[in-house]
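Contents: one structure, followed by commentary.
Labels A, B, C and D are assigned to the chains in the order they are written; within every chain, residues are numbered from 1.
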Amino acid sequence: MITDLPDIQQDKPSITIPIGQVGVENVELPFKLESKYGGFHQLIANVSMGTNLDKDTKGISMSRLIRTLKPYLDLPLKHKLIKLILEDIRENVGGSSSFMKFEFRFPIIKKSIKSDNEFPLYYKCRFEGQLYPNINIHSVFDFYQGVIVQYASYCPCSNELCNHLQTQGSNGFPHNQRSFANILVESRKSHYIWLEDLIEAAELAVINLPYPIIKREDEQEIARVAAQNPMFVEDAMRNISVAINDIKGVRDWIIKCSHQESIHTSEAIAINWKGIKDGFDGRRFI
Amino acid sequence: MITDLPDIQQDKPSITIPIGQVGVENVELPFKLESKYGGFHQLIANVSMGTNLDKDTKGISMSRLIRTLKPYLDLPLKHKLIKLILEDIRENVGGSSSFMKFEFRFPIIKKSIKSDNEFPLYYKCRFEGQLYPNINIHSVFDFYQGVIVQYASYCPCSNELCNHLQTQGSNGFPHNQRSFANILVESRKSHYIWLEDLIEAAELAVINLPYPIIKREDEQEIARVAAQNPMFVEDAMRNISVAINDIKGVRDWIIKCSHQESIHTSEAIAINWKGIKDGFDGRRFI
Amino acid sequence: MITDLPDIQQDKPSITIPIGQVGVENVELPFKLESKYGGFHQLIANVSMGTNLDKDTKGISMSRLIRTLKPYLDLPLKHKLIKLILEDIRENVGGSSSFMKFEFRFPIIKKSIKSDNEFPLYYKCRFEGQLYPNINIHSVFDFYQGVIVQYASYCPCSNELCNHLQTQGSNGFPHNQRSFANILVESRKSHYIWLEDLIEAAELAVINLPYPIIKREDEQEIARVAAQNPMFVEDAMRNISVAINDIKGVRDWIIKCSHQESIHTSEAIAINWKGIKDGFDGRRFI
Amino acid sequence: MITDLPDIQQDKPSITIPIGQVGVENVELPFKLESKYGGFHQLIANVSMGTNLDKDTKGISMSRLIRTLKPYLDLPLKHKLIKLILEDIRENVGGSSSFMKFEFRFPIIKKSIKSDNEFPLYYKCRFEGQLYPNINIHSVFDFYQGVIVQYASYCPCSNELCNHLQTQGSNGFPHNQRSFANILVESRKSHYIWLEDLIEAAELAVINLPYPIIKREDEQEIARVAAQNPMFVEDAMRNISVAINDIKGVRDWIIKCSHQESIHTSEAIAINWKGIKDGFDGRRFI
């Protein structure tokens, strides 16, 4: 009979100190995500989750984490479902706090800039929830949402130097390159921000975007728009910072922009954060 | 003449907000590192560095970061040299704060557990320095050191279940696997901790280690020691937490252990931190 | 009007040599895959595709590759659909040959070894098709299928050394570790092999598998089975080689096994291939 | 005494089939490499090596691979040393053939395009040797050398579309991006090609290069040169193919170019190979 088997996790540990987070990482599973524009996507998530561990317990049951999660896989994922799962984990696995992260690729149908073409573009996104007690409160629930947005950055300095070349009867091409904005926001209590809204806010801020299908008329329009909007990594960061800060429901944010320079082997980067008390801080290693 | 060329970084930005960190990432360079046991290693670092940016400046000169760094490449790298470089960066590039990270692979000659064999083992390490003004103080210098240590973790639960099998006249092998401890410490002011000391403290705490050369006599001894020291990820974390906390010169620490389970496709993880005010916090996304 | 725009791809190149393969890589898209056990999975593929380029054409239209592919996204993917797409690409983009690769994660519901638990496990898989003319034949179509299977390898040598320890009144744990078999097969003409069959053949051959949900009764059974089946990387390779070679519909195969040693920082590997004329050859850099 | 310990590798395997390659991967070690311009670099290699395995032997001694390699670590690495090591491995470990791969980062001092600045740039390189018997010959030795060269690619189509914009009184920026050429050559018997020569040949062919230090005068010159040399991935491939094919001592070659498009999330790629009998073939999965 099963209950005869030894259960060593229940033992007292030889070193009695608590551990901040214990759990599993890299669990792959199917899940459903609602689209802002109607309907649901069937997606694949890479999940980590766990609890804290008090000083007197040797270990948690890792398999109970997975079994607790299982019944929720058919329900559309949102902040409220994550809160439910976290409460359930705390109850089943033990611990006074619990945490959970979903990382996944999320598709948006992307129209070409001019021609009449559409094709999905996948964005790396994440949800992260934390449930923990605070002074006098049994359950504080913090919810984080992240997106990575690719854009093209055209160098303003190189642009000026090309203009200068033209005054000398010569000609130049300003360098540009693939660039990424990695955005993480903390949502205000009981607020869900559509991933589509986060992505669109960032894309509006950086202007020069990648497209799945580019015909010649599109390529020309992309080049025309680019010439109007050269941006240093600092410019891109300022634009995105303001755009994200202005989204209703965003309580705190941290952003990393990385320009994969075509004329360097290194990247130009900028990291910025809102700067609220006990909030994100780029010096503390995002 | 050069000074005729436009310098658009000096312009005022259209959005006047400051940026926490601006710089470069993924600069590869040669450097020298002193060994605790005498002599110097010639190594290759992957470097990021930069400054903050005040609200009224459009951008920094990225190339000035590299040019500032260059004269220091022949000097042995330590916390004091990093502080000097950071002061120089702040002076040459501008900004009230500066930061710098070195990531590299560091060799230690590893003796086999029993046989008379030696071979180098490389450890992923990092140094990180931050220089910034604080109330009334022009220059606070924070210094961080990191190491990643591989070990083998043998499951105590599986071990107990194998013992139970033997009572039934059967036999079992407890599962074990490659495991990693990712350790980051903040050093006390003007303190340098030998990387060898960080690594050895962690290795003593986890006991079951990888070796470059393993003859049969070694393999038997490894198996013998393993049977005395099964560890959950929670056990490994507790052992390492105490070991790192006890190192003189460590002001704060955060540790992530990851066990790459042989019987799962997911990892068992634990994250722990000292918990001092304004210190590391695993819930804030290391 | 669009046709006014210059189309430089039609120019003659300055260097008139042919190119073996030209195309795009890392296109993400949704697709449907039939399950052997009924029904269809909605999955995400990472796709590369292209054509050869004759010596007198400057370049291909990359966007035409994507536009050609688009109408096929709603149809269930199989070898015959890939052949259709490749014929369409050759017609629309030009070239006498075309190629296409789909890489994706494919779920199989995995039952626990003893307890009554089920959870999906995702496998990295790939399809690859090549269409090209051969002597007197307009269209040879080669089709390749790949899967990566994780398993646990328990060291037979360590096992023997532990048995020897017991004869001396001592005790040891044989080391084991996460291991992977990367399998690529060429299918016989007009043959489709279920990915489930490839995966199951490999899993039967290596015996010790990972499971999503492992309760104590499962963990004990896993340990019991492990003790009956220790395997070197060479043993695992021989078992898998025979198992894959025996699958009906497999014309050629190449396999790489990698054991992520818990007592080493390096991996033990084996690479094997069938050895038919003009077939796979591990010495030619898979 | 050691010889009492069981040695199970000597057993006969239950399945008597040979294995093409058995060995270790991901061994890190220090080594010396001669520079074409005088002196030696102290570098770090990631090494794989092994032998074939005949049908009647259960396994090889992995630790003997490392111990065989060890005495050679102080000698400058070249094709002849690799051949010596391979002969030694074949003798010590057994097997009729042996193989070995060194992957490492190799520095070249890079001068800025105009200003008087110098800084090292690291290139990913590899050496690969294979020793095997052929009809009537005990030892054929094949030697391969690889380099990865980064460059900037400026799109000729986008350029033409920008010129067209100007005829309409508007303005555009042609897109460009970080690009890579991954080059692998087989050297003629007893021929060593300086890595510097391979890299310089490729860099001359693609023209637009990254630089560690770029002042404004450099950035302008880079833009000026770029405007003279737009290249599709097909153009870059043709230029490099001819350049590498012309290097004395190159017997066979295969090249992959990848342009990390700034206006796409996918890469434009080209793969080309010389096409000699039994030589490299891109359709056989490099």
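Throughout what follows, contacts are C-beta pairs under 8 Å (C-beta built on N, C-alpha and C of every residue); 3 or more make two chains touch, one makes a residue touch a chain.
Not measured: the values here are computed from a predicted model.
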Exercise for the section: Would you pick out the chains that touch chain A and also touch chain C? Expected result: B, D
Practice task
Farthest from chain D by Cα centre, which chain is it? Let me know.
Solution key: A
Completion exercise
Contact tally winner between B-D and C-D is C-D
Handout entry: Same or different contact residues where chain D meets its copy chain A, judged by the half mark
Key = same
Handout entry: Rotation, 0 to 180 degrees and nearest 5, that superposes chain A on copy chain B via CA atoms
Key = 180
Exercise for the section: State, to the nearest whole Å, the distance from the C-alpha centre of chain C to the C-alpha centre of chain D. Expected result: 24
Fill in the blank from the handout: The distance between the C-alpha centres of chain A and chain D, rounded to whole Å, is 35
Exercise for the section: Give, as an integer number of Å, the spacing between the C-alpha centres of chain D and chain B. Expected result: 29
Exercise for the section: Quick one: which residues in chain B touch 2 or more of the other chains? Expected result: 5-7, 27-28, 121-122, 157, 161, 164, 212, 214, 216, 220, 264-266
Exercise for the section: Work through the pairs of chains, note which ones touch, and then classify the graph as line, ring, star, complete or other. Expected result: complete
Practice task
Would you pull the chain D residues touching chain B in the complex into a rising list?
Solution key: 2, 5-7, 27-30, 42-44, 63, 66-67, 70, 105, 107, 117, 119-122, 212-217, 220
Completion exercise
Given the complex, residues on chain B that touch chain C span 121-122, 150, 152-155, 157-159, 161-162, 164-165, 170-179, 208, 210-212, 214, 216, 219-220, 222-224, 226-227, 230, 260-266
Handout entry: Complex contacts: residues of chain B adjacent to chain A
Key = 4-9, 13-15, 17, 19-28, 48, 50, 53, 58-60, 62, 99, 130, 132, 156-157, 160-161, 163-164, 184, 232-235, 237-239, 241-242, 258, 264-273, 275, 280-286
